[in-house]
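Every chain is named by a letter (A, B, C, D, E and F) in the order it is written, and numbering of its residues begins at 1.
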């Protein structure tokens, strides 16, 4: 037989540094940073923002001109060279493939139809990035869903998705609940949105679209919005005795409702049992008192 | 040694008989219904052993095949499904066991009375041989499958067929009864 | 009648049996041959595992020609790491202008080997090598320390050659 | 030849028993091993090749420098064989858990019933017609005595086989019940119904060769089936053979009909709660049952221990000296046929999906029993005509 | 005596045929299922919450791990949703390569479905044959992305790297041999009487029910609705591809099997077209290093192997993290139809039903 | 205890050779339980499939029930909802039993440092071998398994039962 070939052991250069212990308490994941803004896209807000920005821009320009005038007057008075006239700043153009999709006025027939039929119950309609959005009054969602499904001109057969978002920084509402409808026959998508204050119980979509069942349960589990007339409003992902609703913005990633898991036990007990059993089979009394 | 073995061999019937009785006693006395069925199976196998001891091999095998392999399985099947709670079990079977012990004793006595000669005297296989006109010169010990088949299909064909019809009627009746209850 | 015959004669099952039987024969008669065996087993412990060039194994700190670790503690990898497994302690070393990592902790047991760190590194000082034989008996063994991390074992090792964590 | 005394015959029977048990416990682990290998080959794998001592673990390979040698196919292929010992040994050494809620007595006795009923069947199977070998004259006490090819050459051998095999169902049913758990109970119930149902067509399909040969004795039947100009019974009994094989698969709970332990529905069926060697008993009993079914098929449909069908064996026998065709080769042919059938078992397992439970039952009652009866009728006609 | 007694059993969470950690509460009458309730959440890992606290760039690694059988498809949906959010145009070559990888991924995912479905029904050899082909695809994944399963294949705006040398050869080699492999599976299964008995007429889900329950993907197409997002709302390079949407009308397990087998053929066809018509050019759009969105919300749906996977993203002005990250997981919605499929069937049928839904718990629980 | 007196555990300790055979039989017939949680389970299946063929090591028989298994491969993320189930499964396995934590998630929670994920399965059950990777390649799993075989081969009854023997005498 040949000698066993043992490969050369890697040279130990230095003792590896001790394990880096993850400090969970100081983890950035456990810290909660509450959002300051309410990122709720809306054409109306966008217009207001654009208008405000334009006004601010204009005001700035006016101020620059006024500054120039005063500086010019001052320079003339002092007999120095006149300062350069101000140039109106043009927004810098990035040389990239980015084209931010801004909200646009609703031109799609479906949105207009919805507004026409539902009237004042429609709070806002707009298009953004090629997606149709219709914001409804929070009590009218069931009616709107029924309409979308049944109306000849709409025929949105499928509720593709339903989700909700927490907006703690908003004043008059706390959540937005979003319904994404798909029309298979017309190849169209539509987004319905309602704004829900804390404690409000919106109507469930289950009776119109059965697929809303689990999605609403998930919303209940994750955000704590319960729905009226839902067949089974229980938690779906977390265990039933879970505390808190994870997707709220005041819930840390690592979680404060987390229970401690420490039910590991050693194999000692089992090994003892087996050892005693095997010893007993061999006729040895292991439990004899210790002799000195 | 040889003598001892021969004695055992000669008394095989008695041994199996006693074991069968023991099994039967357990059937009645056991608290768990499944244990009863197990004991019943044991008793059935012992009876098959009795047949074998009497050199009625065909009957012994039929006993195993039909009773042990078929009927007791069905018993077990039913018993397993009936979930009797422990307390209820206790009541039912305690009540029974009093009578059962008496019945078993009675059975032992009757058995002893009938087979007194077999147990205490010399075994006489001749007593259990087929009648001469059936065996028709066949060596029963060697060919008892043929002997039984002759008996069934030649000598006693009519009773056999009538019996089968009766069994069929019973079967159909059972099916009908079970069906109506179900619906 | 045709249907009845088809039920009676299990030709469909025979078809399947033919396929499996064919494979059995192929493998059975070629299993002992070195050339063109019909099994597709990669005989891993004896034969070095084939790893594609872009494979993402464990993190390695690269060294320059002088044998010094190239890392300059720009913390780009620490920032981009989705699982926050990299912790770098900045320090100084004599005879070097750029900062030198005093401690480069790589928490391998949490790492998901996504290569974002390598992508973000502007100095080409880290790389994910081809090593995948990383199993250990203890969780603590996964912290290799700087020296362990900078051992540039680029090739996948046959069993036993590796590793720091083995001892 | 001298007539043996009682003690001598008992001794000879004991020797036969030892031989048969040896056969069983050699063939069964080999079958288990072969199953893994054959399934592996069917799936383009190799099966176990790294089991031999010293070749396991990282250090094993390191110390032997295996990683340097590269792959040596011939060696590595057979390095898996010790695995069949390892499996059994490990099962014996494993902890034996009895669930707290189980019925301990029944839980204990169920694997025993399975195992015993599987092994005892071999009593009536004769591997060789006539004598297996004759003790040499110098042998103390047994000199010159013949040892026959089967333990009990009884005239109701078929009934014995069927009867004892039918007792085997208790092992499964009781195991399912005693575990006091839901999946095993479902498995036990399924198997009770399945095995009781499939016994009927199995027995009927075996009756056709009985009718053709006119005997219930296993050895005699195989002999009559194979000698003369008959074609092993296979040719006139093709459908009988297929029916028998189907029922055999069902009786042994093999793949198309492995309802009791259908892994993907009932976890592990009736032996879900069994561990250690108790589970090992069920595991072995399944393979012993497979061997039994294969042996029966070999005896009843494939001419038992004869090599050639259509009376060609007679010609061969005439050419050779009479003593040459004694037990040895015959037993080998018989075992070879068994092995072929066992291979078929594994082959089928590797190929086809599993029936649903109700379909299993309907296959038995709607197709197999009528077909078996028709087959029996045909056999009776043939018997009358010839 | 016991005719009204029903037995309650728990299928899972550890059960060989629940494809992970699904738990199904069953009430049985004999062997017939009278009531079926799936219980999920055993793999809920808080992906949405984590992603809301990570940058857009980092979020990708979690999409890999949601539907781990089809990581590339998840990546594609995620990347496209982000591109929609920021308004990025992706170069054409990158689109083609994305399509190519996505279709390979569809093949891999369908092969896993075939493997596990066949194993559930008892055909264990098909399981291994399907994995055999899948290994080749994983090799290609590894060659392209560097990892076998969790690929992290794309970046926002394109791809990280171009195709590695030799990749095209690998792909063509695979395409050349794949049809024979498909034939092998079909020979083993399509006509097999047991396979047919186990699948024909089992776990029916009519088109009306499927649409009402939001079921998408092959399950919907097997009910006769030709709804495929690749055709209905073309994305990546699917608008330029020539392929068919296979449908069946039987709406049972066998029909779904046929649909998926046909889909695999179509995928191979798309891959062939991608390889043949691969344009030259860059693979990454010019985008800034740190992406900050405007206020915007986006729902982008793509056709994953299991059905419609939709990403709902809300962008916060000036923030590098998504304000809201929600995934419409196809498995989550599809699994809702399990009671409809399984009730009234036998206990063996629920195994077929779970298999035919092709669920992956990673995306269901997220 | 007397110096030369054979202790109780030496009395029942079987000789080293037998121990070796025992260890060998255990190391070469490790039956894993079919138990997958997430992505790693797919790689575990791939390791059992044709290319990597776990059966070469005698570990090819995946048992569906923990009662008959020797090895549990925790392949995937362990969540709070799943943890009790895993604990139960582990308790149902008969001794001797081993656990492999496969992948980052099982080892340390992996990328899922969140409210519902347990940061490493070794908080629940003892783990013998950790395999990092997300998911680890099948070869990686095979390497980890071979390390486990090493561990089994070098384990001895004396070590296993040391505590108890020291305790009782």
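Observations on the model:
Keep in mind that, in the parts below, a residue touches a chain if its C-beta (ideal position, glycine included) is under 8 Å from a C-beta of that chain, and two chains touch if they have at least 3 such contacts.
These numbers come from a predicted model, not from an experiment.
Among the pairs A-F and C-E, the greater number of C-beta contacts is found at A-F.
Using the average of C-alpha coordinates as each chain's centre, B ends up farthest from chain E. With centres set at the average Cα position, the gap from chain D to chain E is 44 Å. Taking the mean of the C-alpha atoms as each chain's centre, chain C and chain D sit 46 Å apart. Centroid to centroid, with C-alpha atoms defining each point, chain B and chain C lie 69 Å apart. In whole angstrom, the spacing between the mean C-alpha positions of chain B and chain D is 29. Within chain C, the positions touching two or more other chains are listed as 7, 10, 13, 16, 19-20, 39-41, 45, 82-84, 107, 110, 112-114, 139, 142, 159-161.
Within chain B, the positions touching two or more other chains are listed as 81.
In chain D, the positions touching at least two other chains are 40, 42-46, 50, 58-59, 61-62, 68, 95, 263, 267, 350-352.
Chain E contributes residues 54, 57-58, 61-62, 125, 132, 135, 139, 142-147, 150, 152, 160-161, 164, 184, 187-188, 191-194 to its touches with chain C in the complex. Those residues of chain C that touch chain F in the shared complex are 39-42, 44-45, 49, 58, 82-84, 107-114, 132-139, 142, 159. On the chain A side of its complex with chain F, the touching residues are 24, 27, 29, 237-239, 246, 251-255, 257-259, 261-264, 266-268, 270-272, 274-276, 278-279, 282, 284, 286-291.
Listed in rising order, the residues of chain D touching chain C in the complex are 38, 40-46, 50, 58-59, 61-62, 66-71, 73-74, 76-77, 239, 242, 347-348, 350-352, 367. Remark: chain E residues 7, 9, 15-17, 31, 118-125, 128-129, 132, 188-189, 192, 194-195, 197-198, 346-349, 351 touch chain D in the complex.
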